[in-house]
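The structures come next, written out as structure tokens.
Two complexes come next, and they have one chain in common, subunit A, joined by subunit B in the first and subunit C in the second.
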Partner chain A sequence: MSKIGVFVCHCGENISSTVDCEKVAATVGKYDGVAFSVDYKYMCSDPGQSIIKNAIAEKGLTGVVVAACSPRMHEPTFRKVCAEAGLNPYMCEMANLREHCSWVHEKGEATTEKAIDLVRILVEKVKYNQSLNSIKVPVTKTALVIGGGIAGIQASLDIANTGHKVILIEKDPSIGGHMSQLSETFPTLDCSQCILTPRMVEVAQHPNITLYTYAELESLEGFIGNFKAKIRKKSKSLDEKLCTGCGLCTTKCPTKKIPSEFNEGLGNRTAIYVPFPQAVPNKPVIDRIHCTYYTKGKCKICEKVCPTGAIRFDQEDQIVEVEVGAIVVATGFAVKRPDFFPEYGYGKYADVITGLQFERLASASGPTLGEIRRPSDGKIPEKIVFLACAGSRDPAKGIPYCSKICCMYIAKHAMLYQHKVHSGKSYVFYMDIRAGGKMYEEFVRRAIEDDGVNYIRGRVSKIYEKNGKLIVSGVDTLLNAMPVEIEADMVVLATAGVANEGAEELAQKLHISYDPYKFFAEAHPKLKPVETNTGGIFLAGSCQAPRDIPESVAMASGAAVKVAGLFSQDELTREPIIAVVNRQAAPVYSSCVGCFLCVSACPYQAIEKEEIKNRTGDLIKSIAKVNPGLCQGCGTCVAFCRTKSIDIQGYTHEQMYSEVMALLNEY
Partner chain B sequence: MSSDSHHSGISGLGGEVLGHTDVKVSHCYQCGKCSAGCPLSEEMDYPPSVIMRMLQTGNPDLEDKVLRSLSIWVCLTCEMCFSRCPMSIDIPKMMDFLREKSLNEKKSDPKAKEIIAFHKSFLDSIKYTGRLYEIGLFVDYKARTLKILDDLALAPKMMKRGKLNIIPELIKDRSGVASIFRKANKKNKN
Partner chain C sequence: MVDLIKRAKELIETSAVRVVIGYEQGIGNKTRALFVEKAEDAGKLIFDSRCVQNLAVYITKKEIKEKGKMAIAATLPVMRSIIQLASEFQVNDNNLLVLGITAESKLIEFANLVEVETFVHQYQIEIDARNKEMLDKLGKMTQAERWKFWIDELAPCFKCYACRAACPMCYCHRCTVDFNQPQWIPVPSHELGNLEWHIMRAMHLTGRCIDCDACYNACPLSIPINLLTKKMLEDAKEHFGGYQPSLKGDHLMSTYKPDDKENFIH
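Here is the complex of A and B:
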């Protein structure tokens, strides 16, 4: 016979203002199997918890129903209370009287009646509850970091420095990401490469970090603590052990006119190439799409000049399988090409460029060696115009959000231009200046007040060419929308930061969610900014939303701490809310008939076939078996099972029927 | 509007303002607090923050409009704007310079005729007595504006309360004040 305790919470006035809690407790107290029933103002408070503990001890309760708020809120609290009082925590259930009743109904008799019903069905369910034990799963203490930009580099170093192994994969031939393309960084104007390259080298030399460049995630299986990842190492057409990085091949390669990705198309590279001088690793790859040997079948000059014979034309992609316990996704962002603004003439006029292209012009390692020279004729522009929000904050173009970094980098660009071209004039068209950040506003004011950058509030309507000048036509909204036309030599568009191409596919491979803009979704916008909804997978940097360097680094370190916290445990405890296939005595063994519909239905590949054999090893029956490590308790298999042979622990058929019957039976 | 005119900084009227008053127009970030607090902005053709923006553009057409504006004359130099400006921009000081330049370039708004007359009468009073001589001021003002009868009814009441002394109070060192006026005039001519 069950001895169930019912504890009705007032939640201050949240419940008691519309529900007669005393009446609920009194009515439920009379039901069969209820040994104790009480109401209290705050059940989650220390005195409230003591009431439950004392009742369990004194009345010898076999089950507990707490009628209070949502179980999402306090189920862990009350299950812990039960465990402390010696009752199996899974013998405790919560009736949600707040969200499901008091908050959504007026005060009245019917509301109290509904509250009584809600408690009653849980009382009937608890009668069939069974003691469950949490599941222990081991943890593989190696992390996989996807993306070798500043966020991935920082996360890798931080995890590696806690003593755990890290596998860092980067799709490009070198790590460094967008930060390696930048000239100077706001708000201090220190050189981007100078602060980044030491970290890149540290990654390459760290004993705990295995670096795979030119590599991408092929597939992922498993769950927190126990992932299995397949990594595709794209063929570099090179034996990396033999290559010394002398660079002779890159100087002799006859295919020299390929637009350089690193220089955003403002410079050229060869078919066998190292993306930039400080690349890590500093060894070339062959771009098979452009290489003469791969396209026309002959050349092989690089092979002839290589002093160590390191070129491998027949090398194939390699799949590496690794087991990891946690994953940090740091795949960064892309820059929206502004050619979806025909009125700005990007792609039509050579001297209308993107912010990232300007970074390459201003960079000492760039195509102009740091001199601001316009792409069309190499002249130094006398007048330069910067357009903020060239894509961002434009719902009509599908990007309603603020890309966040542009206000700062535009101020930096205009400043760098004024520092390099003293006689030049620079103009910024903006809608708002968003300079939230330490020393950010001061930085923008410096550009305006000290460096004489002309800020004009208004969005540019069009850019067109006239007598060799780019006419930038807009208005000054601070002067009653007075028309402004500037005859510029060069125009820089602050394009929107967008999700990477293929972000969706990657998210699906990882089973993580993403937002409408295909940026990866954090588990909670405030309190879980580096977690995803998938256990063991964390986010760092701009793959979650456009981020600047300090934010990306902070996020990466945050994700690294989450990984280190996970790795501080030898095994993980999981809720036992999983599916089980019933087992019975011989000769039935199980009601499962082995149709294995559940196997195809399971989204987590958690169900396998089990063969029941007799003592001589002859097969008696094949039935389904759930791997408790993989099962997420979604219940899909339960719905598919034709013989009702699968139950979710804690939500068995028996329990569900008893809840329904409690509502149907009159009391 | 021509493109070359749209620049700010050291050149143009903004540059002159900087040279004469140390006010840097680029410091203004157009929050509008000066215009919001100005007791007379409703009487102005351009509120103070708009005057700042017009100067920021460096556009000669707009600079000309500033010098021809009524705003610079309506300004009372009460310093409400200055005391509240988050960027501590001394707008009243700048207004003083703009008034001076407007007069010198004969660009003053005709509607400001009486205000200018009052300024002149006031300065005359200081120049000759070293102090404000009320009767002298209004006789001078009425002579300049020919508004003989305006506000005349107030005079008896003010007399009764001792607000209008018939005989001017003179300061001791009137020649000192006169030399200040001489020097200021000379500087203006240079």
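Here is the complex of A and C:
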């Protein structure tokens, strides 16, 4: 006979203001199997916890129902209380009287009745609860970092510096990411490359970091502490061990007119190329799409000039399999490209460029060596217009969110322009100036007040060309929507920051959630900003939402600490809420009939075949078996199993049935 | 069916198989399953238009499987069942030889199940005109009318489970209705019990049923329970593009795909 204790919490007044907690406790106290029932103001407080502990000891309780807030909030608390009092923690269940009842209903009889129902179904469930033991899994103390931008670099260095191994993969030929493309950084105007490249070099030289550039994640299996990743090392057509990075091949390559990705198409590169002079590793790759040898079958000039004979035209992609315990996803973002702004003439007018392209123009390592020259004819623009919110905060464009970094970089761009072109005039069209951050507002004020940038609050409806000038036509909303027309030589669009191409596919490979904009979803918007809903996978930087450099770096360090925390243990403890295929005595062995439809239904590849053999080794029966390390307890297999041979521990058929019947039956 | 008799005899005589499953003359004008284990019994094999029972139901039976390798005289629906059963790991090339019977009553012996699959895939599963008409009629009914139709039709069912026994896909050793801790599906053949049993049966067959009508043919009360599975067949086609049994095992209703439109798991 069950001896169940029911503990009804008032949650201050959160519950008791609409639910008659005393009545709940008194009513439930009369049910069969309930040996003790009490209400208290704060069950989670120390005195509240003592009530539970004392009742377990004095009444010899076999099960506990705490009727309080969401189990997400305090289930671990109360299970721990039970464990401390000597009761198996999984004999404790929580009825959610707050989120599911008091917060969503008016005060009244019916609300209290519902509260009683919620408690009763769990009383009936607990009667069928069984003691469960947590699952221990080993931890592989190597981390995989995906993406070699500033976030990935920071996370890799931080993890590596705690003494753990890191595998960093980057899809481009060099690490560095967007930060390596920037000219100066706000709000200090220090040179981006000057602060980034030492970190890049540190990554390359760190004994704990294995760097795979030009590599992508092919597939991922496994679970927290025990992932198996396949990494595709795209062929660089190069023997990296032999290559000294002398660069002779890149100077001799005859295919020279390929738009440079690093320069955002404002400069050219060769088919065998190093993306930029400070690249890490500073060794070239052959772009097979443009290389004359791969397209026409002739050339091989690089092979002829290479002093060490490092070129390998027949090199194939290589798949590297690695075992890792944790993953940091730092794949960054992209900016909206041509065609997205037909009204602004982007893609039609050469002198309408994106913010990222302006970075390249302003950068000392850029195609103009840092001189602001417009792409069409190389002239120094006398009038330049910056448009904030190009795409961002525009529900009509499908991007209702703020891209966050643009207000700051526009102020920086305008400032850099004014510093370089003293006679020039710059204008900024903006909706609001969002300069929240240390020294950020001061920075924008400096642009306006010290450098004379003209800020116009209003939006631009269109840009068109007239007599060789770009006519920017907008309004000034601070002057009663007065139309404004500026004859500009160049226009810079602060285009929206969006999720990277392939973000959705990667999220599905990793089994992590993503938001409607395909940015990866954090586990909790406030309290778990670097965790994902998948254990052991963490987020850093702009793959989660547009982030500036300090934020990306902070996130990366945060993620690194999470990884280090995970690696501080030799074994992980997992909740035993997993699926189990039943086993019975011979000659049945299991009611599983071995159709294995559950195998294809399982989103986590957690179900395998198990062969039951007799003593002489003959196969008696093949049945399904759930790998306890991989199972996430989602219950999909339970729903599909026709013979009802699978149960989720803690949510068994008997427990669910008793809950349903407790609701349907009259009491 | 001289060819079939000759081949069955050879197979048994050479011990290529232990048992040949086919049809024989039953009581009255009925046919029934025959299990040829001795060469001299091969002569009893018949095949004609009366042979509509789905013999695939026997190949998952423990008593038959234990005899050793089986051969089966298989019409198109039987072959479809075999492919579906193979995709569910219930039969394989090692324990089954398929003696196909074409629509023209020609015998084709298949070397393996891949060949059977190729043969089966030439033909789409199609609901016959009479049943199609009935489904359309049901579709046009109001919800209340349809409810009444089914309550009335299912009322006489006394749960003899002949439908289950005749269905090759109902090979589970423990059926959902026999699961009694807890008893999700009520055992008695009252309104709720009958309704739940037949709905559950149709659900379990969705994406697996090959529309052989064995359940309907077996029903002693001629309750049109095959309309339920046929409706599921139609729905599967409409919502998920339909299916053919296939050895690849890409089960229509129970395959997780990362791009599933339901996003509860993302």
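The criterion applied here is as follows: the second predicted complex is superposed on the first by the 641 of 667 C-alpha atoms of A that agree within 3 Å, B and C clash if a C-alpha of one lies under 4 Å from a C-alpha of the other, contacts with A are read in each partner's own complex, and residues count from 1 in each chain.
Assume a residue touches a chain if its C-beta (ideal position, glycine included) is under 8 Å from a C-beta of that chain, and two chains touch if they have at least 3 such contacts.
For clarity, every value in this text was computed on a predicted model and none was experimentally measured.
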A:Asp476 touches, of subunit B and subunit C: first, second, both or neither? first
First (subunit B), second (subunit C), both or neither touched by A:Glu382: neither
First, second, both or neither for A:Lys425, with subunit B first and subunit C second: first
Touched partner set for A:Tyr514, first subunit B, second subunit C, both or neither: second
Partner chain(s) touched by A:Thr643 [first = subunit B, second = subunit C, both, neither]: second
Partner, of subunit C and subunit B, that touches more residues belonging to subunit A: C
Touching partner for A:Ser600 - first (subunit B), second (subunit C), both, neither: second
Contacts of A:Asp394 with subunit B and subunit C, given as first, second, both or neither: neither
Partner chain(s) touched by A:Glu22 [first = subunit B, second = subunit C, both, neither]: neither
Interface residues of subunit A shared between complexes with subunit B and subunit C: none
Touching residues on subunit A, where the partner in the complex is subunit C: 507-508, 513-514, 588, 591, 593-598, 600-603, 622, 634, 636, 640, 642-645, 653-654, 657-658
Residues of subunit B touching subunit A in the complex: 1-4, 6-10, 24, 26-27, 29-30, 50, 53-54, 56-57, 62
Residues of subunit A defined as touching subunit B within the complex: 383, 425, 427, 445, 448-449, 452, 454, 456-457, 471, 476, 478-479, 482-487
Footprint of subunit A on subunit C - complex, ascending: 88-90, 171-176, 179, 181-182, 184, 204, 249-251, 253-256, 258-259, 265-266
